[in-house]
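Same chain, two partners: chain A is paired with chain B first, then with chain C.
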Partner chain A sequence: MSTLAERAVARTPRRLALRFGGMSDRAIAWLFITPSVLLLLAVNIFPLLWTIQLSFTNYRANRPNAVLRYVGLDNYRDILTDPEVWQAMQATAHFVLWSIALELILGFGLALLINRGFRGHSFWTTIILLPMMLSPAVVGNFWTFLLQPQIGLFNSGIALVTGVDPSSFQMIGDVRLAPWSIIMVDTWMWTPYVMLICLAGLRSIPDYIYEAAEVDRASPLRQFWSITLPMVMPFVMLAILFRAIENFKMFDMVNLLTSGGPGSTTEVASITLKREAFEKWRTGYSSALAIILFVTVFGAANIYVKALNRVKQR
Partner chain B sequence: MIQMVRALGATAIVVASCLGSQAVAQTKQLTLCWAAWDPANALVELSKDFTAKSGVQMKYEFVPWTSYADRFLNELNSKGKLCDLIIGDSQWIGGAAENGHYVKLNDFFAKEKISMDDFMPATVVGYSQWPKNTPNYWALPAMGDAIGWTYRKDWFARPEIQAEFRKKYERDLSPPQTWDELKQIAEFFQGREIDGKKVYGAYIYTERGSEGITMGVTNALYDWGFQYDDPKKPYQMEGFVNSPDAVKGLEFYKSLYKCCTAPGMSNAYMSEGLDAFKSGQVAMQMNFFAFFPGLYKDPNVGGDKIGFFVNPKQKFHFTQLGGQGISVVSYSDHKDDALAYIKWFAQPDVQKKWWALGGYSCHKAVLNDPSFPKSAPFAADFLKSMDIVKDFWAEPAYASLLLDMQKRVHDYVVADKGTAKEALDLLVKDWQKVFKDEGKI
Partner chain C sequence: MAEVALLDVGKSYGAVEAVRGLSLSVAHGEFVVLLGPTGAGKTTTLRLIAGLERPDQGHVVIQGRDVTREVPAERDVAFVFQQYSLYPHLTVYDNLAFPLRSPARRVDEKTIRRRVQQISELLHIEHKLGNRATALSGGEMQRVAIGRALVREPSVYLMDEPLSSLDAKLRAELRLELKRIQRELGTTILYVTHDQIEAMTMADRIGVMSEGALIQLGTPREIYERPNSAYVAGRLGTPVINLIPARLLGGPVPPQVETVGLRTEHIRISTADGPGPRAQVHWVEHLGDQNHVHLKLATHSLVTLADPVQPLKAGDQVSLEFESPLYFDQAGRRISADGLRGHA
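Showing the complex of A and B:
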């Protein structure tokens, strides 16, 4: 009886077999992965190295003819001692932490609900998933209208419930409410995504574990704490990782909703970066800022992935 | 066989000549880049004459105002060939000249006998010259513009409103001459019910992302005494940008924003102003003259219902310059055709038609014509405004200077951060840093 490999060799056209005949497996493997490696080098590694190099210069992309001067760590020092940058980092941290917390609570809750398989749950799942299928640009634009104090449905809704004048408060124009507005819109858009990941986790738990727990007379709460939560935890942590990375670099939705305002209240790090890079054209400075942001996300993600692996091994 | 070869040869010649002529036709095309707004439509109409005369087809790249600077400055900085002609903002002139984006037009003007003396002086300085007030020309003044105001003439004329206003302020309700008067009128209308609808006093610029709040606040700042630097010592800003008068001007703008604007106008620029006025929401609107022909034609608020006035005065009388010059992009492959367009556009007859179609000519043949002030209800105010214009920095680093001002002013006016004095002090520091980086101080 011939092996699968022998059968595959037997079926390989003679011309192709001859062409690769003289090559080792390792050579063939390299032949196949080289285009991908070259592409990755060209679009990922080279720009990264180039950005690192630029971050030590005073280069401005709108002054290509100006003399390029190496400034050492000056750009990094300027960024790390700039209170405006720290303010942007604070705004980013506030946005990331609160949006993830809310998305997690709501997403997990929805996943538990959908997992119960009530009548029409497929229909409701589709409805719940709709926001995440929209473009952030579209979401930013239509929420701008929804949050408009005079004609916006949001203010009218609040007015209906509380009895206040709908135009007496403004969500995106008020320093206290604007940060919560972007958190609210992000939560609305991305809770379904967290729900999907949690649902995958819930569906991966074998039924016999719950059956065994029932035999042991474990209460539903006990089952949740001892079975559901630990077994879904790797999925939850994965959802947190994905959302944290995405929200750390969030730009489009915030830019459309508030443009970083009022004042600089919602100026998250990506908006600062865009302004420095493509409006002020401080390419060297913005490269340093981009590297700092990259290292922050990359470092945090690495630590997090190690923690995730530890949870999975438990 | 010979016949067949001949037929094939003839076919080849015909095909080749067709392809050849197509190639020639393809080169006879110019792309003009500008903002997407009413005057751009007028220019499309006007340029049909150029195509008819020269055979050069015109293609347009019009971008909304909020992304206009981003889009075209990226294009210029990357030495793109998209635009052959560009109608670039007045503040770009320094950077575009020093970075070689625009073709210098002095030799061309001399050769074609195009004289800058034929254009209104403020527009020549504002749109064409770099360095300012030197005979170095990088653009032809194309679209004159400045900040002006519209008001609801029909509301102002109502006897009951007139009577109430007179009783309250002991003067007639009429277009304001000073900022104090404007605020008084705005307060009077704020929250008032007219025709069963709640209305608001004034619409002013507050936009954060691009240039909005700067283009708005400067109208008040200039009138209180704000100056960019010491007229005797360039780039000496301390005591000029943050002078006590400038502080008062900034405080005034904030008080106007707080007392008399519609809810939700915390990030509003040109289009939001137009929407607010067209929907009958505000009694007075700050906006660029470029929009006034369209507003005058508006079926709901135009015609007899709309009036216009010049930016009010206070200690001084200025208004913010808008508008643009037309330049030839130095990376274009069609520079000769682009120059031919500018030569055509500079002709007095073409300029007259430009004004008639809704563009704002800067040519003296149009503006000095005795019939001009009465040629449109806003024409006289436009003329007055162009005599009192003042522009933002046009330095190569203008974008950094603008973003700093956007931040400091928005922080104070909209986000209630700090005092006016602190905002302007910080602005001086920001600008000093920019000019230090530029090697100018």
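Showing the complex of A and C:
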């Protein structure tokens, strides 16, 4: 009897064996991971380091030949005292919090419904999942049409239900409604995703736990509070994490739908960033803003993941 | 009065008849053990009583009330599940307290604490109360599962192989504890096990199941000494009863006897030439306090226990003597020594 390793060696073609034969396991391991590490350095780490460096300068990408001057922390100071940036942060927070809240409530509700396994539930699951399979660009574009006050289906629909004149309100053009229209479209698109994660959580709870609870005379409400909710919690928190990171850097859908307007009511942080970088060409300044956003998301996500782990440990 | 009664209950899963025509009644304060091979329908029987399954036919009666249409919560039973079924996100303490915290029960937190403490000491898990339920060994989980049933005082306890994953010492200890609790509190228990020692020592009555049907119900002695069939005889006793065609043994047997059932206590081995049939020692297994002797009797093999002082070794020729063995007819039903069909 030969061991598995010996048999593997015996089957390795001779030329390969000659080439790798002399190498230690460690060397072979390095051989395999080096390409990925190089790729990671090239497309992630190197740009990050460069951005950090640029954030301390007055560099402008549209004037590559101008004299580069190091300005220290000036960019950071300017950003943190800029009321426009703070407004963008507020707009972002409003968007992130409300969209997540709505997606959670709707997504969890739908997951509970589908988990009960009514007739044809797999068909409906597929239908519900459709929006999240579309590209954000497509979604942004066709919601622009849907929300168009004169010919948009959305306005006509609201008019049909409430009786108000369809052209009497503009979802995208109105200062009060515009922040809610981006929340609405994001909710429409990503509720299915939250539902899917919640459904995975619900499916992970074995039936026998509910059977034990039933024999222990726990009412359906108590079963929900003391079994379903705590056991789905890690999944819900994961959904929140994914959605929060995504929406914090939301750009495409909002850019297509409102481009930050009207005024700057829907100007979320990433749109400010784009304006600073590619309209005003303040590359140094926008690099600093990018770093600030990155640190914020990274820090928040880290704290959050710790909390998530605690919930899972419980 | 019957605490629990099943009246002609049947339950199928698709084409599988898990339980059929089962009638069983457990008296108040009685300890009934269900014994049977895997897939015999023991768990299904317990689930039918608990209300986790609806019977296709028949009735379930608890404390004189027909509960066939009631949900588990209304039935007031406690269930120790075969696969533990602990609440994985709760601590051991909260697992044990869970049934007491039912709003319908209104037990105050102080009573709960005392009760949980008491039960956890009884089951030797008091040092694990703060652990999460998933951070336990299999045996500890099983004890928590038993504890979760014992904190309550239901009309009947249903226990599905509750001691199966404990080590021999703990099992023996808990066996005695359970029996003591049951006797002292006069609780009613329906208990499923594969372990004959548990069945023999704990049961007031044993029910032997096969393929969804209850074949015999009786006291441990009755089941052991007067099994109604060769099948039941094979469920109890170690080594397993030897079933030998009557014609091989010679000697006088009651009419219609096809098979003779020989337990260890029915067989005497002597090395001297005796009148009985002759056999050859095939091999001897040493168990320490006793020996398993495998014998070859013509084409049949026989296993019996022997005193280790008796000098037997492979190849020895011995003669056998039998003392009041069990007789079975062609269909496997037992025939008593006086030639009558035996019924429990």
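Going forward, the second predicted complex is superposed on the first by the 300 of 314 C-alpha atoms of A that agree within 3 Å, B and C clash if a C-alpha of one lies under 4 Å from a C-alpha of the other, contacts with A are read in each partner's own complex, and residues count from 1 in each chain.
As a working rule, contacts are C-beta pairs under 8 Å (C-beta built on N, C-alpha and C of every residue); 3 or more make two chains touch, one makes a residue touch a chain.
Predicted model, so just to flag it, every value in this text is computed and none were measured.
Enquirer: Identify the partner contact of A:231: answer first if only chain B is touched, second if only chain C is, both if each is, neither if none is.
Expert: A:231 contacts chain C only, not chain B.
Enquirer: Would you sort A:61 into first (chain B), second (chain C), both or neither based on which partner it touches?
Expert: First partner only.
Enquirer: Just to be sure I read the superposition right, which of the two partners does A:167 touch: chain B = first, chain C = second, or both, or neither?
Expert: Touch status of A:167: first partner only.
Enquirer: Identify the partner contact of A:219: answer first if only chain B is touched, second if only chain C is, both if each is, neither if none is.
Expert: second
Enquirer: Regarding the shared-chain residue A:261, is it in contact with chain B (first), chain C (second), both, or neither?
Expert: first
Enquirer: In this superposition, which partner touches a larger number of chain A residues, chain B or chain C?
Expert: After superposition, B is the partner touching more of chain A.
Enquirer: Of the partners chain B and chain C, which touch A:209 in the superposed model: first, second, both, neither?
Expert: Touch partner of A:209: chain C, not chain B.
Enquirer: Determine where on chain A the residues touched by chain B overlap those touched by chain C, and list them.
Expert: Chain A residues touching both partners: none found.
Enquirer: For chain B, which residues are in contact with chain A within the complex?
Expert: 69-70, 73-74, 77, 79, 95, 99-100, 207-209, 262-267, 281, 396, 399-400, 403, 407, 410-412, 414-417
Enquirer: Considering the complex alone, what residue numbers of chain C touch chain A?
Expert: So the residues of chain C touching chain A come out as 50-52, 71-73, 76-79, 81, 83, 85-90, 98-99, 102-105, 132, 148, 152.
Enquirer: Which residues, counting only chain A, touch chain B once they are in their complex?
Expert: It is residues 61-65, 148-150, 152, 167-168, 170, 172-175, 255, 258-265, 275, 278-282 of chain A that touch chain B.
Enquirer: So in the complex, the part of chain A that touches chain C is made up of which residues?
Expert: Residues of chain A touching chain C: 208-209, 211-219, 222, 226-227, 230-231, 313-314.
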